[in-house]
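Two complexes come next, and they have one chain in common, chain A, joined by chain B in the first and chain C in the second.
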Partner chain A sequence: MTRRLLLLACSLCLMAGMAAAVPCDGDGDGTLTAPELATAILDSLDARFMGGTVEAPPSADLQDAAFVHTHWDGRALTITDTSGRTTTLTRPLRRIALFNSDTLDMLRSLGLEPDRVVGVSKYVLEDPVFYPEYQGTANLGSTWSPDYEKAAGIRPDAVILYASISESSCADIEKTLSAIDPEIHFFRFDSYRPAVYADEARTLGLLLGKKEEAERFLTFYENATGTVAEVVDAVPVKDRVPVYLESWNDYKSAGKGSGYDEKIQLAGGRNIFGENPVEYPVVDPEAVISRNPDVIIKIVGAGETAFGGYSDDDRSSFEQVLRAIGDRPVWNQIKAVRDGRVHIIHTDVIGGPDYFIGTAYLAKWFYPDLFGDLDPRAIHQQYLEEFQRLDYDLDEHGTFVYPA
Partner chain B sequence: MTPKRTLLLCILVFLLAAPAAAGSVARTITPQEGGLDITLTVTGIPVGGIVETLPDGCTWMETDHPADRTRVSSGKVAFAVIGEETINYRAQGPQDAAEAFTGTWEDLLTGESGAVGAGGARDPGSGAAPKEAPGFLPAAALAALAVAYRWRCSR
Partner chain C sequence: MMTDTGRQEYARLTEKRALFITALIVILIALAGVAVTLGSADLSVADSYLAIFAGLFPDAVDLPDRMVESNAVGIIWGWRLHRVLFAVVAGFGLAIAGSVMQGVLRNPLASPFTLGIASAASCGASIAIILGAGVLSGSLLVIGNAFLFAMLAAAAIYGMARLRGMGSETMILAGIALMYLFSAVTSLLQYLGTAAKVQEVVFWMFGSLDKSSWPKLGIVTVVVAAVVPLLLWRAWDLNALAEGDETAASLGVPVERSMAGFMLAASLVTAVIICFTGTIGFIGLVAPHITRMVIGTDHRTLIPASGLVGAVLLLGADCLARTLIPGAIIPVGIMTAFLGIPFFLYLFMRRRDA
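What follows is the complex of A and B.
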């Protein structure tokens, strides 16, 4: 395998060396003007259809030039990703490999053509219901166990990795692949963190020539998040609903600065372990009883609770989880259990790029009187149909929250 | 919604969506004294190219398209399209030559191409013939709709 990788690296190095200039920029001043593009188009048509002998640009250059002129004002594009790295591109990205499946969801929301994605993580291939169009795409493995031979073999022009999680694994992938093919551009995005979500969508929209699509998606997204924020911002801090959130591992909660802590706050709740310095602390059941939360949120969809989501229509497992929480010793004294305010939510709608659907559910559970008109299910259905472009009816399929 | 109703709805959506899915260039020819006025209407092609072939007996006269986006050679004329939606040009020749104009277009952003005046587009890298003849998609969808309706009524 090492020999094959070395051979691949040598051949890619030989092919490398394409000048980093804007294609069809006749005078080489770094700006492709409309007259320069027109000349290139006419030269190409002349050579192919009119018997002309003028030297015409290769069709790939011409298509890249059309993209650069249309989407980047005829100039090289310099962007900064979420890790803070700056990259300058003179051509569009046409062969994208993603180890980050959350960014794949975001790219789908931006209307990226599936044929521009040449490699995906194994998790995408394990989920044919949610990713039907990528089932024939090359399997790159995972961030923790990448298939380097496959990743280099598909000759990506860009590899997208996480910015904030698995940092050392992502750094290893970058180091290994850039040694094989120095021409690959690496980008770091998260696509699941509320703090950078909109910025990432705009950056990716600009990068991929989907600027208008990004704004259209963000209008939908900001409408969903804004509806919640507008109401919860008016709730005084002292009146915020105390919430205990538990991940799929029993008694593993969310501490200060964690993603789930942020989502509880966005929905107007007060995380009862929000001052814990550990990001995901395992808490003492007694501590939950003594802090007596008004609402309990249990996340399922991974570990021992790997059920529910898009490919599971059976709610019975959710019911069992709900019942088991109420059956924990002395937990019947907790206000949330007594008042029937224990809710189960699947990680698919709270842990990734569609987290805003989950925060809408949380807000409605925290403040049922304030969010009588909020319909998280409708937001979810619109997201699936209009932005994920999936033919998926939530009335007939999937299990995401319980009680519904 | 019943499966039958869903099928009918899908066909209807396909029927309505098909004409707007790809770019196209339509040609309108108006006979004038001593020549022909030709208008090309460009739809959904922000950046691309068009090559028109003038019929035998016709000669090139002029266009309102910018000179640096037009090239004429050997009975053919090439237009570079960068945002234009209409191109007018004039040819000298007999009025009965109007039917003999041919042309091809390319969309450089999508890679699609097609014949001027035809409704269909062909994918990049496909053969010379357009994938669909003019009006094929709507006609096929209408036929499917009719079959589905008859099937539904017969049950």
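What follows is the complex of A and C.
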């Protein structure tokens, strides 16, 4: 019974695959060759300007065919997203809706034309400084509270959701939207996880016809991460700097397998709570004192510490956070506090797709002698100007680290 | 003479009940008619109805291009219609479950919430969301856990009451104790979870009709449709139980068995609804009270009437939830409280004055 169902499912898939063919593929062999495309273009020109009677393809087909020929070698593209799902496309994606704002940053790094994005999450619209070009775009709400009518009404051909966070909410969105419009393609990407970052950029580059741009961006990215990794790898494990990291809630640290733990390791530190089985444990202040870290990293930018970042030029709040850490009872005896090695960093440069800027800062703070030449601020500026295509001067605006 | 007055009084009451139920049905239909035209998609009232007909008779209706472009039929049929119907059925079911629980336990505070069933469902959902552990997998993970835990809580209350004797105080105390236990587990999970997962749990607990779909509506409708006639058939037992266990027993009602049966039916209806919606507060508590204030405590009419009040309340709350802030949907669980509680308090105060 199961086998029969499986067979049925397979044949349905095959039929679906056959139904969606590459446009203007004259002989229907699944590959659009240069002569086929040329014929289609000539037919269309003939029909439009010369009074030709040959049945010409509609101009949308022609545009799609040209894209497939240029970027996908004239064949249907099968890609695998971060959740492991494969999708086959015979036409480019022209109307993309993103619930995942991290992937929006990545698409920007790949030079995606903003008019191909038709819907964004409310967080994008709440941040006009970082996302000026998307302020008029349709508001899809958030992953937890999506606006389905808006999302379906803008007729996206692709909806991009997170792969590794809010899994059940994302699954609900997929189910509901595909019930409204079965033609939408769904993709799952994270765009904030170091482990899949480069692969995702490559996949998205291929998907959107931005292969070269993706390579150019990855050269920049791998240069930044590689510089750090090369030096850090040479530091023996026993000599690694013990670090206490605290997120925006007081004493909420990062345990085994968490994103912050991974970033401490990438920057060559040893997380003093790296063995804690809870991903984001709230730790006992005494445990921090007794483990006596060399460096303390405090992340701000959310919760009670919702300041700093791109739209805040005032450093006084960072100063207060720094002072408060030193003022915690008995913390003045912790090595990091005594030596003035407490650093505040904003989540915008460590929690998301620009995490590699943050790890560069961490590496420099962990090993100031080894990274004398490393300039995280310059990496940040280049990222903003060249890849995020933002007119933003870090010398004049924003607060990301303290002490700078 | 006495009997005449009594008869007249009863006739008046019957008329009042009929009037109340008719009025509720009219309001409900009108509200549903309005509800399908509300939403963030750019569809006028006429567009919405045209899309409904276009879905029913695709060949007969000639849709304008702009409606084809904005996928009006998909939005109405794939999203709005089942949501509106879901609100009606879920409100109906929750209110009925509440009125049965209050009747059986003879306690105005009894509801799926005070009995721990809702917090058990939240706990099950949290385990699914934060730990990814559950009885079913994929998109049924959260739903399966919520349902299972809600039924477990009901069984536990029943079991404890069985051991200690089936008093209504016993059940309520057991329920409140369970509520605290399950809430503690949920809090612990939230404490350990990542910010994104905690956010997901919080949104689940708000209660929302966002997750409605045709198959889910089908399941809920089948369960409600199966349970309601049963309850109506046994409504006399509820009336007898409401007079006290001894009275009921002397009237020939098998007290323990009936209580257990009623509680099971009410728990099942509640569990099957809240496992899909999350915890929708107060409908089960408020709707029966409102109804009782207007038409009295005869369960033969109280049950269907409070069901209708519940449906009107939930659908009304959902309409407001979808329109109050354009483009954003306020979770309906929050809206029902905003809408239901002031109305409830108003009736409550007025009755005391009189």
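We take it that the second predicted complex is superposed on the first by the 385 of 404 C-alpha atoms of A that agree within 3 Å, B and C clash if a C-alpha of one lies under 4 Å from a C-alpha of the other, contacts with A are read in each partner's own complex, and residues count from 1 in each chain.
By our rule, contacts are C-beta pairs under 8 Å (C-beta built on N, C-alpha and C of every residue); 3 or more make two chains touch, one makes a residue touch a chain.
From a predicted model like this one, the values you see are computed outputs, not experimental measurements.
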{"item": "Chain B versus chain C as contact partner of A:Glu279, first or second or both or neither", "value": "second"}
{"item": "Chain A residues touched - chain C or chain B, whichever exceeds", "value": "C"}
{"item": "Partner chain in contact with A:Pro376 - chain B first, chain C second, else both or neither", "value": "neither"}
{"item": "First (chain B), second (chain C), both or neither touched by A:Pro57", "value": "neither"}
{"item": "Which of chain B and chain C A:Leu42 touches, first, second, both or neither", "value": "first"}
{"item": "Contacts of A:Gly141 with chain B and chain C, given as first, second, both or neither", "value": "second"}
{"item": "Residues of chain A at both interfaces, chain B in one complex, chain C in the other", "value": "none"}
{"item": "Residue ranges of chain C in contact with chain A within the complex", "value": "39-42, 69-71, 74-75, 78-80, 128-129, 132, 138-139, 141-142, 191-197, 199-200, 203, 208, 210-211, 213-214, 327-329, 331"}
{"item": "Chain C partner contacts - residues on chain A that touch it in the complex", "value": "122, 139, 141, 144-150, 152-153, 155, 165-169, 171-172, 175-176, 179-181, 258, 278-282, 302"}
{"item": "Partner chain A, residues of chain B touching it in the complex", "value": "46-49, 51, 66, 68-71, 73-74, 76, 78, 80-82, 104, 108-109, 111"}
{"item": "Residue numbers on chain A that touch chain B, as the complex places them", "value": "34-35, 37-39, 41-42, 44-46, 49-52, 62-63, 65-67, 69-70"}
